[in-house]
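Here come two complexes built around subunit A, the first alongside subunit B, the second alongside subunit C.
Right, the complex of A and B next:
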């Protein structure tokens, strides 16, 4: 049973984001906006080779360039670089123009090495090795349950498909980077990060400084989506430059660099065989997948997570299953966690196979899901969503839409955790004038966490959210988790609740005011005299939980003459426990869906196999959805206060691409089994143009 | 080059040139060509700026600023790194994202695509210039109320694009807003609400692109 008030006054109301005014006026200060006395600009020289042995780096000429105050090599002595864009050296100077000139003056002696950037090439036995000591594709990990071969023989319908997804780039609007001040007191780093604590620890470790001597500040940050947890090579270089120059250095990456070296979502090549009994009950599943995380994934690359393994058979239970998965190394920047790592990719593969199976069985694909989905919550969501969407009226047999522009509908589902971090701490300061400050060492990455904290504090103290000042993004505040895994709200809300509940009790005890809330607030606070009340709190049980389901329905129109797909409507039905602020929660849903549209239709990192470079390292060739691409988004949030607060940011992104892909298949009567669903692939699926040679490229 | 110089050299037509050749003097033509070349060289010598810093005068949000900038410094670089403004943001530095959108004489432009020296003599307005009194404009108010922002990094750019549209067309259609914001990228997915905020700010009843219902668990 939840401790949240049964009749809340602020919780669940539409509270505009507390930092909205600062953001719409340009006053909100991001890392890239930090200006300091004597601030230098830092820039990185990157490998122009997809693989090379670096023999020597000469910085002498660069150091002597006008306006240059420091130059450092990433590593002294010979080394090997493994992708186009890997960091080699960096300079700091009085202007970006001075740095640009100096980067050109750095002399590199290198021996180019053979490389490979396409997954299918890297899997060949004679492919150049990305890592000398290991094959590019290690033997697959195999999980087997039941008797798969016998089970397929018992199925009434079996489908086989090959479903692929492309490497997706995070591309947050604010690029990765740090502004670092290094003086006698230690390091102060303004970082564009999702994890101030992990940046502090990363900088302290890399630079051999006590953690107590490193302070990380992230007042506002321009998006991360999983790619901004550690200081990154760029953060460490900024600190080294600041030390050498004896002056603060701001090093923000360019958009070009964002596409090369700071993370991506791995590709997937999923071979699926799925069988069901005549009534639609799933019976047998065979799965082989490989994908690339570039040169690797994980902590070593500051990413965390981001591997190519997928949770299969995703939300469904199949009694007999054989799952083989492996990653393939290529000479490209490494993967990092990306909004619900693995899930959108798994959802696309599995939900595509489900729809193909429904066609074979002659079943309505929604019925096939209702038959096989074990989640009670999603069962409710299918019913609510189908009614809202008008599934019965809209669903037609695949390919039966008349005319050259065909409409189709699709459905897909998601699961996610989204529980809070038990170690979250926070504090509240009540001042004699009645003003309140809530302080937590977490960061608001744009999800509205600050507003969640203000809403909870206002609820407990009987105040209005605008009366609460929320201070986030400073490692001097009590520590909280990084913003990943949709954990921030369920970490912050219970902690603020705890701190404010304790503070209220103490205020009342200390001042003798029996109920200090609401209209008694100012009088009670005045009795504090001259000393503010500072009370610590921590995450507590019973105010949050984890485990959500979500269902999305998509309606698309496909022009069979041009191959262009237009998304007409998305219906989202999602649970997230207690809805703290519907206004910001809806924004999360919109964001997840729109990013899903990008994944479904537009986004793909394209690499040139002959030169090993990324061919679309910018926004004009790496297409994101724009205002005109966004459909009507109809959102139903299931409010479940008794479950407490659960994170929402990731689950709402998961099923969008799969629902769109199924809607396209429903419209056309043939499947486009590869994301992004570009006009070329649509026309190829219709047999109007030849199929591309590689299913991946 | 001054207009008079342009017209005088322009007057040496092909026909005149050959006529000159045919009659008196190759020498005369050559002399004329030479003087033109000299004139051009002189003009060019005066025109070349940099590569070192040159005086640049920018009028930003009604205030005049005298700066010393290399000619290759963009307006965006000048605004952010030389004038300390935080409203115009850098998202791509190549005219693809719109985070740097400012007004040049009231017209929305990408500040990253204009050299600071070329912005001289124009009225430059950044998002800071919309609210000299510190109060939110109707557009900004609508952005806050409709939550047309998340991380907020693209937001000043969208505010400038929408505000420029409403100055030109106070009662825009949905298509007008989509067109005005076609050059602005958002990665968080605020799009439907930017459209709503723009229409609300204009007093146009928005055809809501999103609707939401919070259903209590039973």
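Right, the complex of A and C next:
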């Protein structure tokens, strides 16, 4: 049973973002907006070698360049760099130009080493080793249940497929970086981060300063998607430069640098064999996958979750299964957690195989899911979604749509946790003039968490959301979790509820006003006299839970002559417990779906095997969906107040790409087994491409 | 970016003088400034040409239209008469980049822009076009590269306007050696066919003044296919222009973009169209002629079926 009010006044109403006006008028202060007396610019020198032994770094000339106030090497003494773009040194100076000139003046002695940047090359036995002491591809981890080989023999239909996904870059609108002030009081860092506490601890640890001497501030933040938990090499360098220069330093990465060293989603190469009984019951599953997390599997990323292992067979239960997974190291930047790590990739592989199996069984793919999906919530969602989407009317046999532009439909599903962090704390200050300030040491990463806090406070205190001032993003406030795993709303909402409930009780007790809410508010607060009331609260049970399911339906049109895929419609059916604010919730859904469209159709980090560089380190050739690529997104949120608040930022991103891929396969009658589904791959799948020049390897 | 001098020219002659041997004309700056920032191009001096009077005019005429080199792509896109008289040019302009880019980018800069090959555009790669030793695209990722070339470099011409203007048989008027020189669109690019370091035929100091477009082809069309639905480079583009009388096509010209270092034209294809009825069979034969001898690389053979579809659709659009 949930403690949320049965007849809420504010909860569940469409409340515009409390910080919307500040954002659209440019008043919201982001990290790069911070201006300080004597602020210097910091810039990083990165390896031009995909692999090299660095023998010596000489900063003397750079230090003497005009306008340069500090120069530091990432590490003293010889070292090995393992990818193009790895950080070597940094300078701080009075202008970007001064820094650029100084970076050119840094002398580096290095011995280039052999390198490898393509997964298939890195797996070869004679491939250059990314880490000298270990092979690039360790032997796979094997999980086996039941008797797989015997089970396949018992199946009425078996399919085999090879499904691949590309490395995806986070590319938040706001790049990584921070502005650091280091004076007698310690370090103040304005960081673009999803975790002010982890940045504080990371900076304190790296710079050997007491945690109490480090303050991290994130007022507004332009996205991170999992790639911005720690201070990063760039944050530590900014702090070191600020110390050496004796002046504040702003170090924000360029778009080019974003493509190299601050995380990505691992690729996948999934070989799937899936078998079912004649009635569609899944019976046997064999799986082999490898993917690359770059030079590391998340160890240097603070984000965790950067490995390439996938949760398989995803949302389905198959009694007999053998799963083999491994990662492949390549000379490229390391993976980091990325919006629902593992899940969109797993969903693409598994849901593709499910549709291929449905074709083989001669079954409607939706029926196959209803038959095999153990989740009660998703069972409801399939029915609601199918109705809303018009699945019955729209679904046709694969490839049977007439004309050169073929339409198709697909469906796919997701699971996610999204529970809150029990250690979240917060406080509320009620002032004698009736104004209210809610303070939590969490951060609003652009998702609308501030608004969620304002809605909850307004509900409890009987006020309007705009009467609440929400202060987030400062390690001086009571601590909360990093924004990852869709935990923020289910952490914040119960905590604010608790703090406000206690504050209200105390206000009423102290002032003798029996019900201080709503119209009595001002009068009650006035009785506080001159001392504001500050009350602490913490996360409590019964206001949130975890475990959500989501189902998405996609309709596409594919031009079979040009290969162009147009997404016409996405229907999203998602539960997230109590919907605090439908506006911010729908905004999360839109963002997740659009990001899924990018994963399905456009996004791919392209490495060059000859030079080891990222060939598309910009928004021009690393293609992100634009408005013209975004279809109608029809959203059904299952409101379940009895379950309390559950996060939804990640689950809504998971099934989009798989649903689109299935819709494309349904349109064409052949599968494009590889993301992103570009016109080139569509034409190839249709057998329309003449054989290439034979000399090419 | 390396330091450079900056000068503003007020006349064509002074622009030429200010440019000297290693000066670069600065128009909208979309291409040039990006190259300077990425250390792809080094300039001793930038000569701002935006203040030269007379180069920013669109001048209609009964036989010939003149469009100045400083006219922005947005002005071409938004000009109601261009839309009617040269619909193919309008379409080509409307597909360039984003609205913000079109607002600033000029006709001259669009025609004279450098290669977009991602090896060429990478700050740390010295390919043949940057006077390095090899072409990396040949053995590398050449998904966006050319099907035809007369040299080793397979970087294609990507200017939308060049393709539309080729179909319309426009003339580029260039200030060279103290006088106006007239070039066909083929001539404007032919050097890039032979010479891997060239992006077009303009020499240092050559100043594009305007293009002149004959009105003899009242029907024209331009189509492109990109990975995305807007704000994306063409993978292949196609433009055609002609006069249609009693259902028959005359004086036709058709060109492909993004498949060759030059706007790709085949005389036999243009001749074949003369007097034909515009139907799918004719279009397919034109496609055969245009694509004969294509030499796809490892990753770009998809451009062949894509070009076929575009050729057919563009020609059929001429029927109106």
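In this section, the second predicted complex is superposed on the first by the 688 of 697 C-alpha atoms of A that agree within 3 Å, B and C clash if a C-alpha of one lies under 4 Å from a C-alpha of the other, contacts with A are read in each partner's own complex, and residues count from 1 in each chain.
To be clear about the criterion, a contact is a pair of C-beta atoms (placed from the backbone, for glycine too) under 8 Å apart; a residue touches a chain by one contact, two chains touch by 3 or more.
From a predicted model like this one, the values you see are computed outputs, not experimental measurements.
Look at A:183: by the touch rule set out above, it reaches neither subunit B nor subunit C.
Contact with neither subunit B nor subunit C is seen for A:145 once the two complexes are overlaid on the shared chain. Once chain A of one complex is fitted onto chain A of the other, the partner contacts of A:97 extend to both subunit B and subunit C. In the superposition on chain A, A:678 makes contact with subunit C only, while subunit B stays out of contact range.
Between subunit B and subunit C, it is B that contacts the larger number of residues in subunit A.
In the superposition on chain A, contact of A:610 is made with subunit C only, not with subunit B. In the superposition on chain A, A:75 makes contact with neither subunit B nor subunit C.
With both structures placed on the common chain, the touch criterion links A:212 to neither subunit B nor subunit C. When the two complexes are overlaid on their common chain A, residue A:29 makes contact with subunit B while staying clear of subunit C.
Judged by the touch definition given at the top, the superposed model places A:19 against subunit B, while subunit C stays out of reach. Once both structures are placed on chain A, subunit A residues 97, 620, 625-628 are touched by subunit B and, in the other complex, by subunit C.
Every residue of subunit B that touches subunit A in the complex is listed here, in rising order: 70, 72-73, 77, 80-81, 84-97, 99, 126-128, 130-131, 136, 140, 143-145, 147, 149-156, 159, 177-178, 181-182, 184-195, 209-217. Interface residues of subunit C, counted against subunit A in their complex, comprise 1, 118-119, 122-125, 136, 139-141, 143, 225, 227-233, 235, 295-299, 301-302, 304-306, 308-310.
Those residues of subunit A lying in contact with subunit B across their complex are 12, 16-17, 19-30, 32-33, 35, 41, 95-97, 171-175, 220-223, 225, 252, 254-255, 384, 445-448, 575, 579, 582-584, 586-588, 590-595, 618-620, 624-628, 630-642.
By the touch rule above, subunit A contacts subunit C in their complex via residues 48, 84, 97, 100, 256, 559, 561-564, 566, 601-602, 606, 608-611, 613, 615-616, 620-621, 623, 625-629, 678-680, 683-684, 688-693, 696-697.
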